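One structure below.
Chain nomenclature is as follows: A, B, C, D and E, assigned in order of appearance, with residue numbering initiated at 1 for each chain independently.
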Amino acid sequence: MLISCVAYEQGRKVADIPSEDISEYVRRPDCFVWVALFEPTREELDEMAEEFGLHELAVDDARSGHQRPKIEEYGDSLFAVLQPVEKVKGEDGRDDLLVGEVDVFVGQNYVLSVRHRTQHGFGAVRTRAEREPELLKYGAGFVFYALTDNVVDRYFPVLDDLETELETIEDQIFVRGSARTNIERLYELKRRLMVLKHAVDPLMEGTGKLYGGRVPQICHGMGEYFRDVYDHLYRIHTTIEGIRDMVTTAIQVNLGMISLSESEVTKRLAAWGALITVPTLIAGIYGMNFKSMPELELTFGYPMALGVMLVIDLLLYWRFRAVGWV
Amino acid sequence: MLISCVAYEQGRKVADIPSEDISEYVRRPDCFVWVALFEPTREELDEMAEEFGLHELAVDDARSGHQRPKIEEYGDSLFAVLQPVEKVKGEDGRDDLLVGEVDVFVGQNYVLSVRHRTQHGFGAVRTRAEREPELLKYGAGFVFYALTDNVVDRYFPVLDDLETELETIEDQIFVRGSARTNIERLYELKRRLMVLKHAVDPLMEGTGKLYGGRVPQICHGMGEYFRDVYDHLYRIHTTIEGIRDMVTTAIQVNLGMISLSESEVTKRLAAWGALITVPTLIAGIYGMNFKSMPELELTFGYPMALGVMLVIDLLLYWRFRAVGWV
Amino acid sequence: MLISCVAYEQGRKVADIPSEDISEYVRRPDCFVWVALFEPTREELDEMAEEFGLHELAVDDARSGHQRPKIEEYGDSLFAVLQPVEKVKGEDGRDDLLVGEVDVFVGQNYVLSVRHRTQHGFGAVRTRAEREPELLKYGAGFVFYALTDNVVDRYFPVLDDLETELETIEDQIFVRGSARTNIERLYELKRRLMVLKHAVDPLMEGTGKLYGGRVPQICHGMGEYFRDVYDHLYRIHTTIEGIRDMVTTAIQVNLGMISLSESEVTKRLAAWGALITVPTLIAGIYGMNFKSMPELELTFGYPMALGVMLVIDLLLYWRFRAVGWV
Amino acid sequence: MLISCVAYEQGRKVADIPSEDISEYVRRPDCFVWVALFEPTREELDEMAEEFGLHELAVDDARSGHQRPKIEEYGDSLFAVLQPVEKVKGEDGRDDLLVGEVDVFVGQNYVLSVRHRTQHGFGAVRTRAEREPELLKYGAGFVFYALTDNVVDRYFPVLDDLETELETIEDQIFVRGSARTNIERLYELKRRLMVLKHAVDPLMEGTGKLYGGRVPQICHGMGEYFRDVYDHLYRIHTTIEGIRDMVTTAIQVNLGMISLSESEVTKRLAAWGALITVPTLIAGIYGMNFKSMPELELTFGYPMALGVMLVIDLLLYWRFRAVGWV
Amino acid sequence: MLISCVAYEQGRKVADIPSEDISEYVRRPDCFVWVALFEPTREELDEMAEEFGLHELAVDDARSGHQRPKIEEYGDSLFAVLQPVEKVKGEDGRDDLLVGEVDVFVGQNYVLSVRHRTQHGFGAVRTRAEREPELLKYGAGFVFYALTDNVVDRYFPVLDDLETELETIEDQIFVRGSARTNIERLYELKRRLMVLKHAVDPLMEGTGKLYGGRVPQICHGMGEYFRDVYDHLYRIHTTIEGIRDMVTTAIQVNLGMISLSESEVTKRLAAWGALITVPTLIAGIYGMNFKSMPELELTFGYPMALGVMLVIDLLLYWRFRAVGWV
């Protein structure tokens, strides 16, 4: 589906143009065309490939739409795969992470973005870019930066959620009785971290090639902007690694807490068990059928026996309490 | 066994040729020969080595047929070892992974593929290549790409199976009573991951040398194609690493679930134990032989005793239920 | 909030100047201006950006104030983010680590430091620098070094606390009954280590680019000083890694101790259980109602039975003691 | 002990020569001398050092004989330390790994091998080399290759044993009751892996410098041969890493199996315990001494009581069986 | 404290000189001065700094005396921090590791060593160096090598102790009842490994820069000697890593052994418990007060009951023995 197709000149919007005029505008020197597609049909993509002269392998990648994030050069043009990550409600009503895909073809005079799966478009990016003609003058390189920056900025709320989740679990981890919930949440947290990590890390690698050293022609003069994007990705990366490390430790610690609490339950049970079995022994003794058992003859034998039981239990209880077993 | 031996000129099939004519066709400038062997005898391989002038060490490797994947230069020619991985039924009826081997000798004017163990041949690659004469014109380099690409493409369904297996286990991991099955499946999953990893990682390393920087003569002009292969391998690699990481975590988590469920069983048993031992104590008390035990004389002493037992058990049961022990 | 704004010439203080005169002093060749802000308003920062001609992206970073530590070049100037780490009392009265932020803009003729969150200012750095005019003559590069060095020096007491904490835990780890406390402290120690690590590691990376090889113009002649800073950071880094490694081991060892102590408790309980159940069996036997049980008729049958119980318990006790179960 | 000392010319054996003539043959241009020592005395080694003009530090290393594998250049000559690994019977009759040492000095016109600890000599290498004069013509570099190749080839059967051992353990790991044996075997396997790894990894590093890039003069023209050796070492290396990874996982899995089986034993015991304690309670009830207990008067009271016990136990048993506890 | 201060010329000792004459001797071309200090006062170090013209930062490092090992260039001179590690008796009479520090300043014409904490001096190094004038002629570079080599050689006995300790623990790890001791020893071993590792690893890094590639002027011609030192450090490094790996595995294995032995104890206790509770049930049955219990009337009822108890216990015992529970 074609979302929009606009020609720009000197940083200013010229016109919404029909897709068959693209190749004409692309040929003009100071002009560039910015096209946005959403889950295009085979025909739409083929048309674009022809209008812009895109490389077959890149188009194949965009068509199949299940790529890893990357930024590749095809001659003078760039092909980038970005993966926005969004929080959505899963089928079971719980939060889940949705990994979208945005394929961006960037040439000297054009930017073509192909969006898959994610509902969240780039209208805001276009609006903001059109408000800053002095930057938009940089052309395709700037638009590419703006798109990438937008995708990266969307990672931060997702990451904040994961950090908050870790802190919530940390508050629970030494609370008795929460081990099962903790372990499920830690596993789920780890799983989401991996999802985010798989979106971020390859992109960091790709962005790192867009500043310093040899830089693709299209990104000339944008070095500090792409370094800023890289820097954000790097920050996300180290935060992810930090959370991962703490999750691993938390799982171990949780295992320790489970063992500890089992150990405590065992002791408590044993203590209460003793409070029952000791009087049982006494009752057993006075249940023996010996002819001559003087206590049995006593008038207060029975209450005395009960008293002994009680006293022994009280002593045991006091003792167990002292060592923290009950 | 010789599967096929075909000469091509300008990207078009010239003829099926007998193996003794190979050296003649190889000498023609615009011509190249594409030979496919399957588990060749010593003699067949020696003949090929002579016809193509293959390096002794490479032929030794192909003969012994248990190499790690690699791509090596011998002067102007390349020697590659690829390992297709296929899902097969093991002897015990369960799925297993079969690691095949394809040794490819590539020279300016020839491609020789030697297939071991795997049943799945490269007929489809040949057919498709012959349908695209404009690409086949690139000669041996393109055929090499097509073979590699085909082997790599076959990894994806295997990888998908492993991902699905992980997801199936994840659905089971917090279900009580499935710990033993989970642990067996996780170990088996890990084992298969390693099999796939050992096929993929060295090939990724080898493919990485076929684009950018200094590239073997044979692969000139194919850079973007080999980068595409590398990119697929990289994607497989990171997916494998991701699954591995989750498997490790899942094994730990499973261990935690085992401990937890043991802890719960202990508590449950203790609770039920208490429901038996407490009445036993009461029965023991009324089984004592004291002369003077007033309750024993009561008409309703017996039902009262039973009633006390019942009431205490009900109270205990209610209490245990409240703390979730029964 | 503007803390101070001073112009220096030839390493000596010229005057406290109002912020609107900055651009005038910056233009003088042998002069440089050193400004310190604390949590500035939007307007204050915008004014500085104009006076010094700061890069928009760097100013954005300083404004949002939640960056990772870094040292970046913007043309001839540097932008550094430092994270001082301080020990503070948390809300619950326990020690916690506060991560501050100091953004430093360094140009040929100016240094601007923007402090966030941390209470601990750089007055001492300024005082010391003014006492050493021969070093202050180096200008902005030296001031930048002095600030960085000061931030790094503040890591050492924090690190010492963490080392002391590890040693304290190590003394406790093989003491019975301290497992729960140990595990909580180990987790908390790990968490703090990560906080410090995230402040130190990226700065080490940044500082490493300020000596040897190609060095930013501003830092020329200061190589040995920045290497010294790097060296301190490296020392902190390896110490952190060492503590981390030991923490991981300590958590594992602690888990082992928990299992061991559970095992010992189980044995002890079982031993005491046996001391009760064996006499209970004997009592049960003499509680049987057989017509002919000769012992029951004996005058000393009852004390004999009690004696037998006692002797068996003593034997058992002696035996259990020998194997260390009681 | 001098094993052999032979002069070669143009790839053909000239003569067995006495050690004092070595320096004379070494001076001839097309000639080279190949000497083999086994655990030489101080004097033998000193003599060789003088005849060949060996570097003092290398000779010191060869004398002390406990080096790590390495390949070092001393001016025009090479000094290599290889560690053959052999399976031997240990003192307790069990298989163990013996790490030998072979120090090789290689110069333009000589090869000196000094063997320590290992019984397995290099006679076969010499014999094969003498059968291939066209290769032996390459001189000292070829002999060095042949020795290295021979040592590396001997790693394969050792590695195969370790792989087989892992597979054997894997077959046992989910079998009940084998946990203790498994854990001992896994530890032993890990220990042997480390022994092999310490022999292989440094040699891989050393061999990697003998092909491609700048290569020592002696090894010119042998690049493809040394790459082949490197390739074998790399294969061994990755296999070792793979086994190591699986051993770690297997130890974890084994720990899980132990916990699981403990959990199952606990349940089983508890179930059987219930089958005893429940009838005990009933017996206790009918052992009470209440005056009025109607059941006691019944003619069939006793068999009825026994019947009730039996029925309850059967019900319990059926119930436990259903949940898999007995 | 000044230990010694000697001038050398052409590799031969000229004289013990007073420290105020140092600067004079240092100026002579073929002469060099070798000074050894032990825990110098502030004044002694300041004097040396002046006489030799040492860099302020290096002197600061030597003064504070708690550096990480390193080798740094200051212009033409080198500053090295070495950490000898010695086995000492700790306060509690147990072996402990003492980490000393030796700061070495090396210039074209001087070597100054500043020793901290360690009692073990370098008198032997000086004596040996003076015996080898042909090597001492190399001047300061050789002395620096000799000092470094000496420090590194002292690591080996410490490392051997750690290896022996690991082997001792390995012999104990599968022995029942040693788990607690093992776990304490493993932790202590790990702690010492880290101490040694922190002394060795940074020095290895530093030494690696003293041979091959660009080498400091002072170390010219000593490349093979420093490579030898590097090689020793590398060997120590890999051995440490190997032990560390095995320690980690051993801790895991030990944990498995603890679980296993707990599992065995549980079974054993349960078995003995059954041998008591089953006869208790029988006794309970014959303690019931039913009017009509034919067995009670039998003359041999009582011994029969006892017999039944015994037979059942024997059968159970035989059964438990068969499955290895008692």
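Quick note on the criterion: a residue touches a chain if its C-beta (ideal position, glycine included) is under 8 Å from a C-beta of that chain, and two chains touch if they have at least 3 such contacts.
No experiment lies behind these values; they were computed from the predicted model shown.
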Completion exercise
Under the touch definition above, the chains in contact with both chain B and chain D are none
Exercise for the section: Kindly list the shared contact partners of chain C and chain D, in label order. Expected result: E
Completion exercise
After discounting chain B, the chains linked through touching read one piece
Handout entry: Angle of rotation relating chain A to chain E [CA atoms, steps of 5 degrees]
Key = 145
Completion exercise
Comparing which residue numbers chain A and chain C contribute to their contact, where sharing over half means same and under half means different, the two sides are different
Practice task
Averaged over CA atoms, how far is the centre of chain C from the centre of chain E? Could you give it in whole Å?
Solution key: 25
Practice task
Please compute the C-alpha centroid of chain B, do the same for chain C, then give the distance between them in whole Å.
Solution key: 41
Practice task
Hunt down the residues of chain D that sit against at least two other chains at once, touch-wise.
Solution key: 252, 255, 259, 262, 266, 273, 277, 280, 284, 287-289, 293
Fill in the blank from the handout: Among line, ring, star, complete and other, the chain touch graph is ring
Problem - Chain order around the ring, beginning at chain A and proceeding next to chain B - result: A, B, D, E, C
Problem - Contact set on chain D toward chain B in their complex - result: 170, 173-174, 224-225, 227-228, 231, 234-235, 238, 242, 245-246, 249-250, 252-253, 255-257, 259-260, 262-263, 266-267, 270, 273-274, 277-278, 280-281, 284-285, 287-293
Exercise for the section: Could you please specify the touching residues of chain D with respect to chain E in the complex? Expected result: 55, 57, 61, 67-68, 70, 72, 74, 179-180, 183-184, 186-187, 190-191, 194, 197-198, 201-202, 247-248, 251-252, 254-255, 258-259, 261-262, 265-266, 269, 272-273, 276-277, 279-280, 283-284, 286-289, 293, 295-302, 305-306, 309
